């Protein structure tokens, strides 16, 4: 089975999700069956991804040729430290989401658990595949699952947000195909490693065409990642989604970021001659503007979910800054930040939901409302999440931001990056302190709280799981930074990729 | 035991009050004091070593790769601060036991307090700047929690937020500054940094680093112009004020100045910024304190003033000044803590802190009054008290400063002026509260506080006296140790004694006391003068500023994110155009490319039809039905184009997909408005035409650019291996089911999920159906024309046969599971159209959901099957068998995979239609005509 | 001779298609447009068959068959829509 | 390929092409929808029939066996074309599409539209006037 | 015996239909190989069984051979009339005198009526526009109406309806 | 031929994009459909235009590039699924929001509608 380890993260949720559509798991009244199945599936995925990570660390990157068709011809799954890490992160998040949904949100609509599985599958696939078109397919899988999950639970807001989300992404998918057509049309291959070799050998005019194709990809990935000015959809979408779905979406933007890292490091990386760093001039300002846009949005937010959504945008901007720095060190810093921001923003969505449950009609809006039933518990969770997300010590956010600040070299870059990141942190602190003081402390005289639902044990379990990762990330920072350093180095090591793919001498 | 244990014990100490809360206040207090007491004892045990000049350092690796270590350092400076933090902290805990009422969350309060103490102690004991910064930020957070302890009060929340914002901002600047310094030095270890003063001062980035670090220090220590947060932090319970604003929080900034003194001081810049800031703060604080009617307000501004004094001393940049600064740090902490506590008692026992209401309390609480008077005298700088000593050193140092050139005389003058104010406000504190008439409108009759509530004040006041009288004995060693760790060189000569003879500083002191008395006596004139200026509430200004920030953020955000999808799409497309056009501008269109292939009239005709019908769709898009017809033509021509360009599979797929899409669109159209009113402004149309044209041109350009280039692709491999490796002659199909089977698996998964999603979308929606078309024409009464029904049912078997044929031949000829599935689906749709859902549904007892799941599962399991032959996922198998009479037949696993595709397509398509049908079939509500 | 005939017929079919499109665009009634679309389907079948003859390949027969089937379904669906609004009521 | 075969194919092709063309010309020229309905549905079926025959003959000569699967297309068209025409006529009647002035028995359109039996003759006379 | 025949009836509800499917299968594959005959037979049996639930029972064709002659008759009429229509279409428009007629029909079942309507529509010059609800009247649009509309009615009734009646034996 | 082809792709893109920028769901859906035609043709042409030979082995000596065909086929199917979803979403939006504006704005709409019932399933 370990031979097939690289594809297991895709197959487990696929088969599991399908089985949940069949008897004895299908049917409204069989939800308990589905929950058990979902839990088992999540544990299996976590186990599998951890083994994958260990294997990759021990034996180097894994190349899995689907259908036994060797590169560059067949579809190749490529698990290096980076993708293995992201798969593990995703499965961990998936467990949190699944647990949280057990509190009852999984019964607000049909197919919740299968759809979560399919969504995870799409994300795993996007992380694992080394084939551009296959990436497109996995993108579509994760997108269609997200479209469907977004309307889970129903309601006006969800529908309205979904209309925007779906239409924008459909246009994005079209651009993806334009880009794929261009890149295949000029390089004649789809394998990312192979394309990286071929791009380097293009004639001058063909390089320009490849550049156009590559630039189109930035739009596609930027849209998924919510890079400015492609970020408009995000706050509304995430705020509308039901809590576990919003939490799951926390990884979705990271898929876009991952693709930017992967594609522009491998295909249009240092070896690409004229095309090396071609999108840098765009990403630099856009990344900084993204942070600014997210920060402004955070300050303007009227409720906690929107605030969390805007913080997702901030995190994306920060990650893009890490990308724009172009060094393995910065990449490593970005990866740490990626893990941190995914888990913490996900937790923030869950906290917003629990708060909303206890504040009656006011939900998580920043208005005077009745006091929450479990003030202390929710307060502690909120403070930890807020500190983590604002980058205050001793939680992971501080570490992640610190590493990014350290990775900046060059005075001019320092001026920009440091001031943007630090001022954004400050404004985040302002926004979160305003939010927190209103949510927890500006209360109407408390009425009988007996009807207010308490936080269920599943919700608690899930939130602790996701939020608990933050201090753990800080405590075990040394080994995690070690890992991200290696992962970043591996990502930047193109010859290694070519070697694993057996592509040496493929092109004379 | 090691220094780490102090942190560890205190961290445990954070939890103790929460756990022991139920045991009652007293027990809770005792348990809470345990951890600080142990820590204090340990620190005291290290005193001899430090006095001997030793620097106790300890080191623990955390994340060495980023320079983050757990690194401790106990030198004289740290020792002095640690003693203050822990000692006064213990007294505060005892005091708070009586200050807080039974109803309040005492456990939580103590927990925050210990957390704050831990953080504060970590700042001073840190030997790593990053670690120090972490602790620095934790003090901001924990002080936020402490200030807002009475969270139901608006002023508490606002005061806490202000403190957090200002100190948080400073903290971030500090981080940048520390990172810069560490970058210059190449280490985050304080020991290394402290040894690299010259390197830092000579570096080009020194001014930046200095300003950033000073921003951190000044915000924390409430230096002008960041002083405004401190008075509003007085909304905190008094123990908090007594602790944070005497010995700890605000002293963190001073500590930082002292800590970085060896590496940052000694430059013109340091002198100018630090001393001027200190001087302004000193004067301003003292002056404003005069006018405060709130006891705590007075003390707050006095604190600001004294912090300014210390800053000024550090800025004067002489060794003696530094010593004086350190001395005053201690003295100020001691008398200010006791004053705050006294103010708390007054507030506690009389119900107000307003000096206009208070008065004559001497009669009610003579003991407390005595204590407060001693402490206030120390604050005023009355001889025999500790405040006098350090203030005199300060006055002496101001005389020695000559760095401002010919206006250097201003420093001592202004310092004396500030001292006059200090005497005046101290006097007011005593006189207005304890004497000067009777109390007015008090809610309760004041009386002495409980016995042990006075103990902390007694201890501190005793210290004031003892230090004031026996300075050398009491703190000589400590001051020396602290001074040598700040100066890091030979100590200057100084003498800690009460009497230095008649000299200029003494004269200044005398002037101060005399002047102070005069100022207080004629304070009414001063008040009248001050009344001309409108009193500004910093809280309102600050909140206003924040609210303006939020409002401008909101308007900026809402202006940009106006909820218009059109704008978002336009932004997306404009970025696309911008980013792709740039390489294309440089593209030499005349570059080498192969000439066009010949074009025939048929193709031109097809192109004309395609373009015309596409444009017609745009023109007719508001007449929706017509748009559907024209887009059908587009679809038809696209299919024919695929056929023309040697892609029969594509032609077949496009055809069937196109028909199903149009049917779906028609189904939706029934529930949507039939027509769109004209609502785009001409300007909008022009803009959109511009965007569309630019993108269309761009796409065409890119397409032309590569389509005319020769292609060296991996496709040869597929053609070569299609038959031998994949077992089929239709290379396209073999790619789909074999070479790139994973794509196909994903593709049918997408289709399946889409169907499930559509089911979900429609599961809970009930749309009313229009009973007439857009012209008000009622629908025909003939629901199911019988002729159509008959013909449709006779076509079904034929269609099934054809679909099976297409399915089976797919591997070798155009066709395959997908097209076959769609043909079947379309044939079934035809039955729906002819007979209606109500008729078909009970007759077609298939669970489409199961069909979809089974389809994808079959495809997946086919792929997994190859594991049993030790092959990667989706490795296909095929073979040819010669069967008697029948002849050679081919069996291939790809066929099973394709069967999965086939089933999924049928299931998905029909699930969509069945869900749609459910909308309209039974008990249909109709809207009135 | 056959080549000439094929070209001739191709020209005729093209003219026919253009005429269909003309009717489709001018209408005047939607049902005219549907009729034009239906005719276009049928003429396309002719064109594809002609192309098969021209290119000497039977590969496009299925496409023609499919147009025959699907064209019918789509015309009927359009008709049903105009009659009843809901095509699969 | 012998001349005769080529001739047969060509004749059928051109005949088919002509009928297709005539049908489409009719679609343009004829003056109301009901009349237009006659042209393409019929002319094209015959036209297509001829082209299909040409195709069958041609493929027979290409491949050596009678590939009569083109007949299947004819079969489909024969079954479906009348239904399409029938439905479109229903639509036209339902929408009261304008009918040529000189059409006789116009009142029958309304009767057919309601799917009623024709009414007595005197009423018919009235309407004709 | 009865069980057998019932089983047979269930397995092959429409033997003619099945035969037709088999033939079409062989046409599609352009082959008469044994394998395809077997496969075709299987399909010819399975498909009608699958489709059976979606069928509205209709009268059987009683005289299959009449079908052949009917087909040829209609074919001939189509070809002949097509030329007439073609001339009309190309000629001056004013010569066209359209009109509607109501044809009384005697057929009862919907399948024979469908056959009749299809025939009428297929033959150029006439379009079966609709049938009355009671299925007793067929409304026909005539492209070029003779002066005596009875001619059209007679043509439809005698030339086509009678033959359809014979085929279905009613 | 190539010029003609890319003009068609360009025109389709133009029309699709223009429709995508309209304010009503239906127009946008039609635009997306149109855009997907353009995309499919574009992707397909990355294998170059082969006027003679389909990628069916044994039918001729040289073949069209089968890979873009397979990719386009996958793209068509995925596009179909997406369009189907967005069509139904448009209906749902009409039901939930009472109009068919893409921005979900509240506008008076002549047709009455029934809001979705909120009971759990």
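As written, the chain order gives the labels A, B, C, D, E and F, with residue 1 at the start of each chain.
Note that a contact is a pair of C-beta atoms (placed from the backbone, for glycine too) under 8 Å apart; a residue touches a chain by one contact, two chains touch by 3 or more.
As the structure is a computational prediction, the values presented were derived from the model and not from experiment.
In terms of C-beta pairs in contact, the better-connected of the chain pairs A-F and B-E is A-F. Subunit A and subunit E, compared by their mean Cα positions, are separated by 62 Å. The mean-CA centres of subunit A and subunit B are about 17 angstrom from one another, to the nearest whole unit.
Centre to centre, using the average C-alpha position, subunit C and subunit D are separated by 13 Å. The multi-chain contact residues of subunit E, meaning those touching 2 or more other chains, are 24, 28, 117-118, 131. Among the residues of subunit D, those touching two or more other chains are numbered 18, 23, 25, 37, 41, 45, 67, 69, 72, 75-76, 79-81, 83, 86-87, 90, 94-95, 115. Residue positions of subunit B with contacts to 2 or more other chains are 563, 565, 569, 573, 628, 644, 648, 667, 669, 699, 703, 706-707, 711, 713-715, 718, 739-740, 743, 747, 750, 753-754, 757, 761, 763-764, 770, 780, 782, 787-788, 791, 795, 798, 802, 813-814, 916. Chain contacts here follow an irregular pattern that is not a line, a ring, a star or a complete set. Listed by chain label, the pairs that touch are A-B, A-F, B-C, B-D, B-E, B-F, C-D, C-F, D-E. Considering their complex, residues 10-11, 13-14, 17-18, 21, 24-25, 27, 30, 33-34, 37, 40-41, 44, 47-48, 51, 59-60, 62-63, 65-67, 69-70, 73-74, 76-78, 80-89 of subunit C touch subunit B.
Those residues of subunit D lying in contact with subunit C across their complex are 1, 3, 6-7, 9-10, 13-14, 16-18, 20-21, 23-25, 27-28, 33, 36-37, 40-41, 44-45, 47-48, 51-52, 54-55, 58-59, 62-63, 67, 69-70, 72-73, 76-77, 80-81, 83-84, 87-88, 90-92, 94-95, 97-98. Taken in their complex, subunit E has these residues touching subunit D: 24, 27-28, 30, 78-79, 81-82, 85-86, 89-90, 93, 96-102, 117-125, 127-134, 136-137, 139, 141, 143, 145, 149.
Put simply, subunit B touches subunit D in their complex at residues 777, 780-782, 785, 787-788, 791, 794-795, 798, 802. Touching subunit F in their complex are the following residues of subunit C: 55, 57, 59.
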